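Structure record follows, encoded as structure tokens.
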Amino acid sequence: MAVYKRSYRAYEGSTTPERRRFLVLSRYAFFGLFDSRPFTAFFVLCFVPFLLAFATIYISHSPSVKLLLGMQFQGPNPLAINNYFFAFFLGAQSWLGFLLITWCGPQLIAADLANSALPLILSRPISRTEYVIGKLTVVATLLTAIMLLPTLILFFLQAGLEGHGWLWSNLWMAGSIIVASIMWIAVVGLIALASSAWLKWRVAASALMLAIFFVGPGLATAVNLTLDTNWGHIFDLGYAVKVIWMGMFRVPFETMHRLRIAELSLPAAWMVVIGFCAASLLLLNRRLKAREVVRG
Amino acid sequence: MKALSQFRITQFRKSMSEQPWELWTRQIGTIIRMDLRKNFFSRRGVWIYLLAFAPVALTGLHAAFMLTGHAHDSMEADTAVLAGIFQFFYLRLAIFFGCLGIFTWLFRGEIIERSLHYYFLAPVRREVLLLGKFLGGLLTASSLFAAGFFLTFFLIYWPHGPAGQFFVFHGPGLGQLGAYLGVTVLACIGYGAVFLALSLLLRNPIIPAVIVLGWETFSPVLPSLVQRASVTYYLKQLCPVPIPADGFLALFTVVSEPVSTVAAVLGPIVLAAVVLFFATRIARKLEISYVAE
Amino acid sequence: MTTPIPNSGDRVTFENVSKFYGDVLGVNRVNLSLPPGVTSLVGPNGSGKTTLMNLMTGLIRPTEGRIGILGLSPDEPEELFRRVGYCTQFDSFPKGVTGYSFVFNMLKLHGIDNREAHRLTWEALERVGLTEAAERKVAGYSKGMRQRIRLAQAISHHPSVLVLDEPLNGLDPMARAESLELFQGLGKQGLHVIVSSHILHEVDKVSDQVVLMSSGYVVAEGQIHSVRTEVKEHPMQILVRCSDPNLLASRVFAQDHVVEAKLSDDGKGVLVRTRDADRFYLLLNQLVVNDNLNLETVAPTDDDVNSVYQYLIGSENKTI
């Protein structure tokens, strides 16, 4: 009798159901992230604007403040809580979220690659897709906590305080908030994963993410200046996102024009965003392999 | 009193002349040579080429349009375009990110590739090592960006034919080119020193880099005294063709009176010297520990 | 900056040196004074050999204590590394180097001119037998070749102190024998050759002195013969708690392998130091059977040190 037949027994205990197995990866990633105290501190800091906005909405509905404003301003109420308010708040949170992901996102995959852990993980019953989804879940959860949830809470706070059918006439805005957030999650998450999959050094991956969002506008300006066109904006991912969001929050064309965010058409902006996401997916697909090629 | 200070000066001179300057220059030369080989001929460095030469592709297209008669730009317009490319693309972004990559990699790269100990085990002072590495990075960064800008410049004026030639050789063109290249080198010195020091101080210098980027972008809206602590403040002045502030930031820009040219040139250099001095302090205490990055 | 230790011109000295990596102990309270010749640092994994060597060469700084190498402090690289060569445990190289350019570049860092550097490089390559592979990329070398090229780099500038961290690792038996011969030769020339190893009997034939390490402590040090005897005769301490400590004490005293036996403070136990634990246990069994001794506990009190000795010396009889 072979030795292994006598002593070897396969694991027979319970396993995580296949459908939520990818969450194992997310869970460990979260443990890793929140082990870092600076990270936790920054995460908490991301909620400061939320508190401020919360207070603003509350104050703007207090009768005495209304009275005071009514006496001083004849024109529109400067504390008006409208689509601009939510667009601005979402925009601010999206940048905070971007910085957070720039910081922590790259270590999601880069750490596995740098320590040659990827072949080990992929040799467990977990597929490449599940691996990516597991890591993407981390980004999605963080961004949901920072962007989507606070904005929705503010939205419903406003609806509750305003009453008079405000909710129904503005319900489209809740949809915009959700779709805008999901888009941002997809864009930032995929870029973060792709850059960390290609650059083992996480600092370089962070720098690449920054560069995509900061060098893009510079390149766009250079293209627009040199070739006397507006198509340079296709290199500017941030710009395209802004165009789409403005559309979603029903910002009038004149305002967009004044803010110089109307130089790219809406379909073109969508193409840019989809293009960046597709490129990231392609890069991820090429890099995430259960084997590693070492060049001598 | 005077005699004493005289004595101190002579003593200082004597101790300076006793230092092994020749050895140090040789060592710095070796360090630079080793680094240049790594920087210029590695696939890892491709992105710097892309950054430095992206505008060349653009102006190349522009030149092609002009030569085939699809565009008729005046030389004034093109000079403004060149100024825009330099200030918006090179100065604010390409050189910033290029230096971020090159200079943080100088020591961090050796740590990640586990080869820093070879330098530390050579009879080289840490100060000399730091200076050699810095100069190597500076040479890489400034030569690439200067080359990129030079080609851009060439492709802007060449399609204009004789008028372009006249502008460059008999007009202000050559002077402007010199000023731009000078600013490029100064920017590499300033940013390079800052990023080198940050990379020695922190394992992940990204957050401070973001802060520096934010600082450089938003400092124009701060009081003029505060503005002087930013690299761009000096460099913008040295750019030969001014560009009016534009967009959102323009609303809040505080116009500050310019400093003299000498001060503007010395500003980044002094900043770099101070920062490098602190960096040598850190380098002296640096220990080899290749724990996971 | 630490001041060099006086009167240590030709020695490598450690004065009360401790190194902590955060809370982790690297080495603790090391006092050594190594004369020229071949010195072997021997100890199991994690015992602090590499830490000690890194401290010696200034790659890490001691948390406490002073280190002197031929009267120089590790803080003065410019002087120190003309006289010290260190072949580290890290199996990594600058990117893209060939065997030749690796050694050559490092020599150039000394400020040596091209011709001389070229000559020294070939000399070192010949010494380790790598002349044929000199122009190949190091990344394509086999493990043993990489080990040898690093050795070549460490000896290329004719240092008078040669620190080698596990230099035999990955070498075939032939290369092993050659390397050992090289170390011995260098030691005879009056160099300090400090070599680390996991296995004592692998290096003891060429060593003039050995330093045995365990969990950050130097547990024995000196000439190989005296260390060997000391280790063999190192008495084992056993604490026995029983119903009649006095009886036990009187019985064990009669044995020649027992060095010492004393009543513990509370009077209920006996601390026995014996050179032959097996015979002591046999005796204990007899006492239990014949004299109705009631045992509460029997516990060796210095198991750690013992197992290290077992490990270090015991391997002598085993084939590897």
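Letters A, B and C name the chains as they come in the text, with residue numbers starting at 1 for each one.
Here is the rule we go by: a residue touches a chain if its C-beta (ideal position, glycine included) is under 8 Å from a C-beta of that chain, and two chains touch if they have at least 3 such contacts.
Small disclaimer: the values here were computed from a predicted structure and weren't measured.
Of all chains shown, B has the CA centroid lying nearest to the centroid of every protein CA atom. Comparing the CA-atom centres of all chains against that of chain B, the greatest distance is found for C. One inter-chain figure worth recording: chain B and chain C are separated by 48 Å, centre to centre, where each centre is the mean of the chain's CA atoms. In whole angstrom, the spacing between the mean C-alpha positions of chain A and chain C is 53. Rounded to whole angstrom, the centroid-to-centroid distance between chain A and chain B, based on C-alpha atoms, equals 32 Å.
Contact residues of chain B toward chain C in the complex are 20, 22-23, 26-27, 30-31, 34, 37-38, 41-42, 110, 113-115, 117-126, 285, 287-290.
For chain B in complex with chain A, the touching residues are 51, 54-55, 58-59, 61-62, 65, 71, 73, 80-81, 84-85, 88-89, 92-94, 97, 100-101, 104-105, 108, 112, 204-207, 209-210, 213, 247-248, 292-293.
Of all the residues in chain C, the ones that touch chain B in their complex are 21, 54, 57-61, 77-82, 84-86, 88, 90, 92-96, 105-106, 108-111, 153.
Residues 99, 102-103, 111, 114-115, 201-204, 206-207, 210-211, 214-215, 217-219, 221-223, 225-228, 259-260 of chain A are the ones that touch chain B when the two sit in their complex.
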